[in-house]
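Note that the chains take the letters A, B, C, D and E in the order they are written out, and that residue 1 is the start of every chain.
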Amino acid sequence: NKKSNNLMVFAASSLTDVLNEIKADYEEEYDTDITINFAGSSTLARQILYGANADIFISANKAWAHEVAQKKAILKRNNILGNQLAVIARLDSVYKPSKLKDLLNPKIQHIAIADPQGVPAGVYAKKALMSHGLWQQLQHKFIIGSDVRHTMAYIENGGAQAGFVYVTDQLISNSTNILITLGSSSSGIIEYPMLLLKNSNQNSDTTLFFDYLVSDEALQVFRKHGFIIHTH
Amino acid sequence: MTILEVDLCHQFKSGFELDIHFKIKNQITSIFGASGSGKTSITSMIAGLTKPNHGKVILNKRTLFDSYSHIDVPISQRKIGIIFQNHLLFPHLDVKSNLQYGIRRFSRHQSSTDLLRVCEVLEISHLLKRYPKHLSGGECQRVAIGRTLLSSPEALLMDEPLASLDDRLKDSILNYFDRILEEWQIPTIFISHNQSLVQRFSSHTIVVDHGKVLSTGLTADIIENHGPDIWKSAKGPINLLDIDSLEQDGESSYALICGQKIQLPSINQASNQKMYIQFSASDVVLSSNIIVNISTRNHLLGVVRRIVEQNSNILVAIDVGTIIWSKITMGAQKDLQLKIGCQIYCMIKTQSLEIVI
Amino acid sequence: MSTQDWFAVRLSLQVAITAVIISLPSAVLIGYILAKRRFRGKWLIQNLVNLPLVLPPVVTGYMLLVCFGPYGPVGSFLAHTFHFRIAFNWLGAALASAVVSYPLMVRSIRSAFSSVDSKLEFASESLGINKFKTFLQISLPLASNGILAGCLLAFARSIGEFGATIMIAGDIPDQTRTIPLAIYSLANTIGGIKSGWPLVLMAISLSSISLICGEILERRGWRNDNS
Amino acid sequence: MSTQDWFAVRLSLQVAITAVIISLPSAVLIGYILAKRRFRGKWLIQNLVNLPLVLPPVVTGYMLLVCFGPYGPVGSFLAHTFHFRIAFNWLGAALASAVVSYPLMVRSIRSAFSSVDSKLEFASESLGINKFKTFLQISLPLASNGILAGCLLAFARSIGEFGATIMIAGDIPDQTRTIPLAIYSLANTIGGIKSGWPLVLMAISLSSISLICGEILERRGWRNDNS
Amino acid sequence: MTILEVDLCHQFKSGFELDIHFKIKNQITSIFGASGSGKTSITSMIAGLTKPNHGKVILNKRTLFDSYSHIDVPISQRKIGIIFQNHLLFPHLDVKSNLQYGIRRFSRHQSSTDLLRVCEVLEISHLLKRYPKHLSGGECQRVAIGRTLLSSPEALLMDEPLASLDDRLKDSILNYFDRILEEWQIPTIFISHNQSLVQRFSSHTIVVDHGKVLSTGLTADIIENHGPDIWKSAKGPINLLDIDSLEQDGESSYALICGQKIQLPSINQASNQKMYIQFSASDVVLSSNIIVNISTRNHLLGVVRRIVEQNSNILVAIDVGTIIWSKITMGAQKDLQLKIGCQIYCMIKTQSLEIVI
């Protein structure tokens, strides 16, 4: 049952569950095959820059989206999709910090954080800690995750007593809970820029799907999975 | 008395069937047979390198292998020394370490095989620091011999140990073997295609053919009965006489054999070990009276005891105190009018005599 | 297992086999040269061959992307001349697997050639067979067990290859999602790694089968044919 | 290179050497058994040994974590009894490297033992040396080149190990950030991979040095000692 | 006329120095020397397996190796067949494929060496499907011989090709060699420690010692001049005489040796191939007149040519038309008053004679 049209979406891996659901809904309605390449935003960006045929790129932060937008022609973009950062810990952890300052407590030996040098979740966490003036003091406690899921794995497996992940990621885990939710005031606005890329074998379905992603139907699904919808 | 009892049945995939039974005492026994008749297979089964389908190997009442009671003693505890057809020196060890590898592993024998002595006899003293890959074929063979002798085994299996050595070395190594084995009193199996080596070296012989024992017995008997079948030309049985006493007279040595004097080839090192002289039946010339003006030095007077015709040759047993076999032609018998009971001189060239210690 | 999982298994097999086929000829050649010849730049070749072993696979994949990607020198040449592309394609996955498993294959083959007795090669030459034919008729068959072992090793490594593959081929369902990528993607979904177990078992049994095949082939060879 | 980079180099060396030391004894034993003995469960052992080869390293790392992590059976036992932890520690990195490179090491050692002529072992036993001593004095020295090669291979593989390491040891700057983790972290920044080149070169030269050392050791051995 | 010219200088790391120069024509030439004297090294340098430090190898005006002009023809183009001391059969090929491996690679010779004929002579027809590891030592050796012969080389080097074969096989293989080499007319080098093989098989001999050529020439001359030095076995040099013609008289056979009649041991199969008789120096009794009433049948009259003292024994070369060596004691020499030029009878027991085909 090959469909007549197909399009290629490159999406950050934190979107895996939600996009698969949206894709299923869409394919049921339209005569289009959607292929999604999930990976870390940095990998995806690099693949696009080195010539991958992507129609849509959904990055987990602005920086990689910006990188791509600089070098490739962009037909459309939106910054509607957003997320929230949280401090989480294992359900059975002995010490549960209730504010960011509590992370200084020596009972917290390690703090899991996605790589603050490039991985979006880490960059946001760094920003939040900087704004609370804790960044320097906590440096020696960091255990660096290569992406959010990995960061969460540290917490689940006891590598860290607390850590920064997206709210959406924590929803997948059933052995942790959220202790502190960070507002956009501290972490900055967390956005998932969606880019519609100009591509050689473009067709109208691409635009159709890009628009579908911001339709109420899709936004409903995003919300269900814990994402925030920014209305600018 | 040490005994090696062997009882082997094996069917090779190639179709070749081995079915061998023999017992040997503490003596040197040759296994003689054509190429591919199963000699190497026999030794490798005795040593434990190949497991026969059925059979039994017993050494000194120790059962080394028994397929019925599922006994299979590890190779390293069989105390059987092997000198392999293809040396098998350890390539990563120098000659000295190769020699010392199994030294005094089996503790029974304490003398006459120290490293120095072995190196001297085998003429490998100058090679001690070399590695096997820098040795010639014959040198490898000698090191392998030394290595096995130094482990002082309770039985010795030798597969063509002297194949690529020249006669001089062969002689000196054989004499050394002889002496060691005399002292050790262990069953020894010796495989060689060289007829004279077999004759000189082994008291007993087992003839194998197509994996079966054809005949077994004293080498002399085997030679007498099967010689022409086995060897292209047989020199007749070997005579081996005890030397009663030894006498030096100027440059020559004489021995007393049952009261009669016999001149020996010059011996370099006089030894006080028991000595024998050995010569083959074909070396014994018979004459009815003492002859002068001849290079032959020794005339032993004896009485004819038996006359056997074999393949148009005559074997005569002469009693000179002990039995000496002589092999002559039918023409000679007729000329000498040999009959049982008549007196006759056995003339033996000194050079034909071999002294065995 | 879902049809997607079965696709991943089929694809993994296809990728691994292709990877082995791609690398085999040059691996045999290089292995032979490293084992039997002495020359100046030998250590350089050895280092080049070993590169994918010491680099994180992601870096290897990145280098491949730079080279074979649609904008890379080789990639664009192939695309323009043959309308043929490697990146973001199962061929890319095969290339990644081939490169990553290459050092293992070469090593195995090299040591196989080293243990072929040079004297047998001399004997062959003395019978009037030139070096090349001697290689074909003596060295190659005698090293065949080791070459086989090298292939199996490369096959197994390919089955498990992740880092370089995701870089150059991407994780595109029904196109480049091999077993490891599928496991990774499952680990990223709500069910978590637990739903990946069937695939993990599948990977294990694939390699078991290849190992057992290897054993059987080897046993039928001359080497182990005893008594 | 920054001091952090130098730390990564030192740590990588420490981890790789430890990994080789951890796995060597059992690899020699298993390699010998696989090469020289025939028994029932052989293929099972072989499969177990090869597991880390076919699994994506991340999965291997995950399994290690499940076992040796603070909440794993072994990990918690060690923590309670000896106050000693493996996970999230350089020891964890060494363990990950050891496990991932184990199949390579065993294979190399196995083929080295296979090519030791069994007749030499028989000869040794016939001189009254038991199987164990024969192993020590004949098989082991004759296989030493292959064992050395196996160690170097494992060393090189350890230098490049990423997936399992990041899983069980984590990427803790100044504690567990080995060269590949450092490269990966650099590759994740937008400036990107270019700033990672010094470390890539470092990894390459480490493996080159190990290879050259290996060559020298080998050449001084008996095998290549010609004319 | 085919010529092989060899000129080799090489210094082994072990200190052993090789310095060899000789030329041979299309004839069979033995290299004879003690173990470790450099024989194998010479052949491996001629064949191109080892590169000498200096030297030259020229075959039929083709320069195969020349260190001065940096010529080094690849082994595969040298067209030199080698039969190695240790077989070197290809383990992955069965016997038939081993034999066919280099077949007709060198095209000069077209007959008498087809596969069937070779298999028949070497008695390996039943082994064609086997793999080398399932062969016995002697079987391996025979396959290796066949393999080399079938490649029809332009020169042949044989390193102890018959070491582990029994006499019957040795004889038939040697005859085959003889015939092939007669037909091919190629230079052939033959290494063996077996004196009688050397004597029967090779027309020329090169004696090497410690890596140097000691002497070179016709085998007969070498034996006459150097026999006692080279063959130091206890029984002295072996005498090998051509049989001019054969005569049957009733049950006995007689041979003419340089015009003198000699009785042979009974032969079973009369053959029309060339025959020799063979006996060792210690078997020869000397006497100054013909003696009757003695079992010895043969009295060959000759003239003493040389008298050599060796280890308190006397070696006498007697010219009976060809040279016969006799080994006697010093006492016998004194008694017989042996001097160069005097006439003497060589008495040889018929039973001591060995007939070799």
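In this text, a contact is a pair of C-beta atoms (placed from the backbone, for glycine too) under 8 Å apart; a residue touches a chain by one contact, two chains touch by 3 or more.
None of the values given here were measured: they were computed from a predicted structure.
Ignoring chain A while keeping the rest fixed, chain connectivity by touch leaves one piece. Chain centres here are C-alpha means, and the one lying farthest from chain E is A. Across the structure, the highest number of inter-chain C-beta contacts is found for B-E. Here the spacing of chain A and chain C, counted between their Cα centres, is 35 Å.
Taking each chain's centre as the mean of its C-alpha atoms, chain A lies 91 Å from chain B. Centre-to-centre spacing of chain B and chain E amounts to 26 Å, using the average Cα coordinate of each chain.
Between the Cα centres of chain C and chain D there is a gap of 20 Å. The set of chain E residues that touch two or more partner chains comprises 12-13.
The multi-chain contact residues of chain C, meaning those touching 2 or more other chains, are 62, 187.
Within chain A, contacts with two or more other chains are made by residues 46. Against chain E, in their complex, chain B makes its touches with residues 12-14, 34-36, 38-41, 85-86, 130, 134-139, 141-142, 159-160, 163-171, 193, 195, 228, 231-233, 235-236, 251-252, 263, 265-266, 268, 281-283, 285-289, 291-297, 311-313, 326-333, 335-336, 347, 349-352, 354. Every residue of chain A that touches chain D in the complex is listed here, in rising order: 40, 42, 46, 63-64, 67, 110, 115, 117-119, 140, 142-146, 150, 153-154, 157-160.
Within the complex formed with chain C, the chain D residues making contact are 43, 46-47, 50-51, 53-59, 62, 103-104, 107-108, 111-112, 115, 146, 149, 153, 156-157, 159-160, 162-163, 180, 183-184, 187, 193, 196, 200, 203-204, 206-208, 211-212, 215. Chain C meets chain A in the complex at residues 62, 65-66, 69-72, 75, 87-88, 166-167, 170-175, 185, 187-190, 192. Those residues of chain E lying in contact with chain C across their complex are 47-49, 74-82, 84, 88, 90-92, 101-102, 105-106, 131, 133, 147-148, 151, 153.
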